[in-house]
Amino acid sequence: MSELKKITYREALKAGIREALLNDDRVFLMGEDVGRYGGAFAVSKSLLEEFGEDRIMDVPLSESGFVGAGIGASLAGMKPIVEVMTVNFGLLPMDQIVNNAATLLHMSGGQLNVPVVIRMSCGIGKQLAAQHSHSWEPLFAHIPGLVVVSVGTHEDARGMLHTALEHPDPVIIFEYTSMLNLEAEIQIDAGHTDISRAKVRREGKDISIITYGIGVYKALEAAKRLSEQGIDAEVIDLRVLRPLDEDCFIKSVSKTHRALLVEEAWASVNISSEVSARIMENAFYELDAPVKRLGGSEVPIPYPLHLENASVPQVEDIENAVIKILRP
Amino acid sequence: MKNKNNLDPEKAEKLLFQMLLMRKFEEKSAELYTKEKIRGFLHLYIGEEAVATGIIQALKPEDYILATYREHAHALARGVDAGVIMAEMYGKQEGCSRGRGGSMHLFDKEKNFFGGNAIVSGHLPLATGMALASKKLKRDNITVCFFGEGAAAEGEFHEALNLASLWKVPVLFVCENNLYAMGTALRYTHAVQEIEKKGPAYGIESKAVDGMDLLKLMEAANKAVEQVRSSGEPYLLVCNTYRFRAHSMFDAELYRDKTEVEKWKKRDPIPKFRKYLLKENLISEAKVQELEKRLNTEIQKAVDLAEAGTWEAKEELTRFVYSENPVS
Amino acid sequence: MTREHIQSTIFELLKKTAPETDPHSLRPDENIREALNIDSFDALQFLVALNEKLGIDIPEEDYSKTTTLGSLTDYLEQRSR
Amino acid sequence: MTDFLMPSLGADMEAGTLVQWKKKPGDQLTPGDIIAEVETQKGLIEIEIFEAGILESYLIEEGDKVPVGSPMARLRPEGSSKKTPETHPIQEKSQASKPLAAISEKTPSESSSSQKKTSEEIPRIKISPLARSIAEKNGIDLSSITGSGEGGAIIKADVEKAMVAKAGEPAGKETREAPSTAKTIPQESIRTAVAAAMSRSNREIPHYYLEKRIDMLAAMTWLQEVNRQRKISERLLPVVLFIKAVAKALESSPELNGIWDNGLQIQNQVNIGFVISLRAGGLLVPAIRDADLKSPEEIMAVLNELIPRARALKLRSSELSDSTITITSLGENGADKVFGVIYPPQVAIVGFGSIINEAVVHEGMLAIRPVVHVSLAGDHRATDGLSGSRFLEALNNNLQNPNAL
């Protein structure tokens, strides 16, 4: 049994970046306010002092420009970590991400791979209102050529970046603003994250709760409460949203015969829609109840706290949905 | 034995042949398009040949080139084989992008030819990023990025120039100003129509040059390339030119006057250069005729190669969405 | 309306009613329904079709005059005048 | 000689209208010459020629709109005097694609019609896919299970409970077959089906037979009177009166209108199966539904529609399985009497012989009158001779009062 360490999600992310910078000279971090300000959410605080401005580059507010430059730098041999402060500004460089990063390899007949890593913080923050509360993982996961991963745990916050940088193709990493201050214990020697696999976070036999991102801890909490009522839920962290690790959740559903899909993104055409379709295609005859989804309410996220909370699935919602499926 | 324009008979012949090849190759392409051998969009460079020729002759093989969707001539000037380009335009797997790109997406990594970029201005940030990588990796190659004056109205143009200057990276921006963004004249798209005035706003040295005169272009290009290479800083060269043909094959040219086209045709860079060489005794009539003959053989060889080319198997469709040897 | 026309119409409709038989082999005095094995329903349908083709209505009391090829032809020929 | 074709100037260009010829027959053509102006959806475009030669003749006129690839003019290439025209790429293409188009035209109609047939009237049971597959593997009858899942759906746990219950039951109980959904009836299978049904009937059903001679004068007179006033296409056949009279007689003998399934189950609807013999052999027994509620005219209309369809073997499966009693009628020229074999699971069949003239005693006098010999075959497990006798008496009464039918 290895040693456990209590750490915040923010510290875990920072540890991951620091390790990457130490590991490979070609790695550099570029983004708005990543240097002198210390990162919009203080994730990269003090890294400028440690690594210098060649490795920690503050960039102007020009998302198309610096994301495109990151793609160009990766084409020419560097290993950039490009930070888009939040996914809310992620539409500005969308052309660069879709038409260049995701497309060049196929369009050039396999000649040009794009090993860029783009980090974006994502999801509902704390009363940031409609323009700063987006959950756009599905938008990016729609695009072939991208690898899209979601950091749902502290372990992955620290272990995912390394594997992402080793990947020869563009990787988009979604981190969650609202989890930054959350503390958890992780194993000190926990290794790097396999970003081609989903992860069973809790084993169970009665139902599979399939989720990612903020949903992971919520689902684990719900599973804990359900176990007190005699319901044994399995919790799956999808972790990689494209390409989906289908085997993992199909195996789980084949065992539990029931599935509840949970995420914060708007319910129509989200990741759960895809997961649900794959369950129908591959595990239909294993189902003992209809697949159910809990997604974000389809509204621009409002400012007041009670309405903000009401717009995404909460632990109680997950708990109630499971009970309804198992005890109709 | 070089003359005052630094031309010797060998180089003179090479350049003349290159421009004749560009012209003839595209005329053949137009014909093949009407016969449905080439499909999709086909944008011809006819009239602008001096620009690609003049700029690319100044480069070293290790320099990076990024061009637009009107890039057949650039690929030819870079030494990509005419047959391989023609095969690409046919969609055959013998093409430089396995036939997956077509006319607008010619790529040849070995020749450091990075497309064939068809989102107007989308490749400017890439160029800045590639130059950034050269700087970080302490390579002495430079990046040359061709684009039209239409691109200069895009935000990415301004972002890329600002970043390039801010970061002091070795990139030569070459604006091929042919006066029309598709069918909209410069005067309707730019408040300041001298594109070269936009460089200094970002602290970038800029110059305009007659894009119909190969000698003037070579002089300007040699100077600009030399400056970028020695200073490691960006440079903007605006080449004022004109396309004799329509924007693409399917264009009724409602937006410009025939007399205007005829006026520009009088400045055709190819006869002008030929006349000059003959006058300077850098080439003989007999040699010119021999070149014309070689030209026809070359074009025929290109068409034969494309005709004899093969289609990529349908089973290969999904190859190269992701790299084939991902690091585990 | 000629006798030939009437007969060819009869043959045509009989062939339709009893496709596997050869109405031309009928003798003039042979009972049509017995020879071609036509039941009462088909017999009625046959008369309905004759009515439609030739425009001749056959009252039920005249059914007995239509039992053989000869009597049926005679009857229709007479009625068509 | 080569053809100059309407050029393709863009993937979205399908056709062009020739506005003006810019060259005349006999003109020398050099590459780059404008041969014509063509109007497209993007405007007027000058059409360039790519080969040298002489314009031989026009193939289309100014104002003509032709698809891309259509010949516009004939050219004589430079240097050559005669040349076979090149094969037209567009023509090749359209020929090559033809078989494909033919296939795709055919498939949808076929599949939609077969879908329609199979989806007909299958009762839906709400059940999870997992529960269904477990039930199928273990031979569990779903109709006996009450679901405890969402909306009463049967789930795995319910099937497992049923499996435990089944394990406790004595073995050998046969589950009832699902109703057949056969639609087009293959000719050869009809004989087999008749053979099977009749053998089963003979094996399982203890038949009893009754016979009654019925005076048909009143009925025939009434029929003649009615038919005299009608166009030939609206006339009634005697069998219509038989059907209606049987249907009406069942009011007082409902026990003959039923099915035997571990006991007699009297049916509320009177659906009379009517035996239709096929010319090629075999017979079909489609049902005339609610015959007791239909007038003779309506019954005749049903027959007019049903018989041709039966002969064409185009009956719906429900029409073949709905009957509650059967009538077989030989018409005028057949045997005098017919004794039927009951069509299981029904419990009775009524046979009408030919209508013949017989000497009968009428009002104390010997008279020649049309009569019909009617037989009743009954299932002795379900009814006995007394019911049958009462039924034949009622049938007689009905046929004596045709007006009331």
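What to note about this one:
Letters A, B, C and D name the chains as they come in the text, with residue numbers starting at 1 for each one.
Just so it is clear, a contact is a pair of C-beta atoms (placed from the backbone, for glycine too) under 8 Å apart; a residue touches a chain by one contact, two chains touch by 3 or more.
These numbers come from a predicted model, not from an experiment.
Among the chains present, the centre nearest to the common Cα mean is that of A.
Taking the mean of the C-alpha atoms as each chain's centre, chain B and chain D sit 69 Å apart. A straight line joining the Cα centres of chain B and chain C is 90 Å long. As a whole-number value, the distance joining the C-alpha centres of chain C and chain D reads 31 Å. Chain A and chain C have Cα centroids lying 87 Å from one another. Residue positions of chain C in touch with at least two other chains are not found. If you sketch which chains touch which, the pattern fits none of the simple shapes: not an open path, not a single ring, not a star, and not all-to-all. Taken pair by pair, the chains that touch are A-B, A-D, B-D, C-D. Within the complex formed with chain C, the chain D residues making contact are 224, 227-228, 231-233, 235, 237-239, 277, 279-280, 303, 307-308, 331-333.
Those residues of chain A lying in contact with chain D across their complex are 257, 284-290, 325, 328.
In the complex of the two chains, the chain A residues touching chain B come out as 26, 28, 54, 59-60, 62, 64-78, 80, 95-96, 99-100, 104-113, 144-145, 147, 166-169, 194, 196, 243.
Those residues of chain D whose C-beta lies close enough to touch chain A in the complex are 128-133, 148-151, 153, 155-156.
The residues of chain C lying in touch with chain D in their complex are 18-20, 33-34, 37, 39-41, 44-45, 47-48, 51-52, 57-61.
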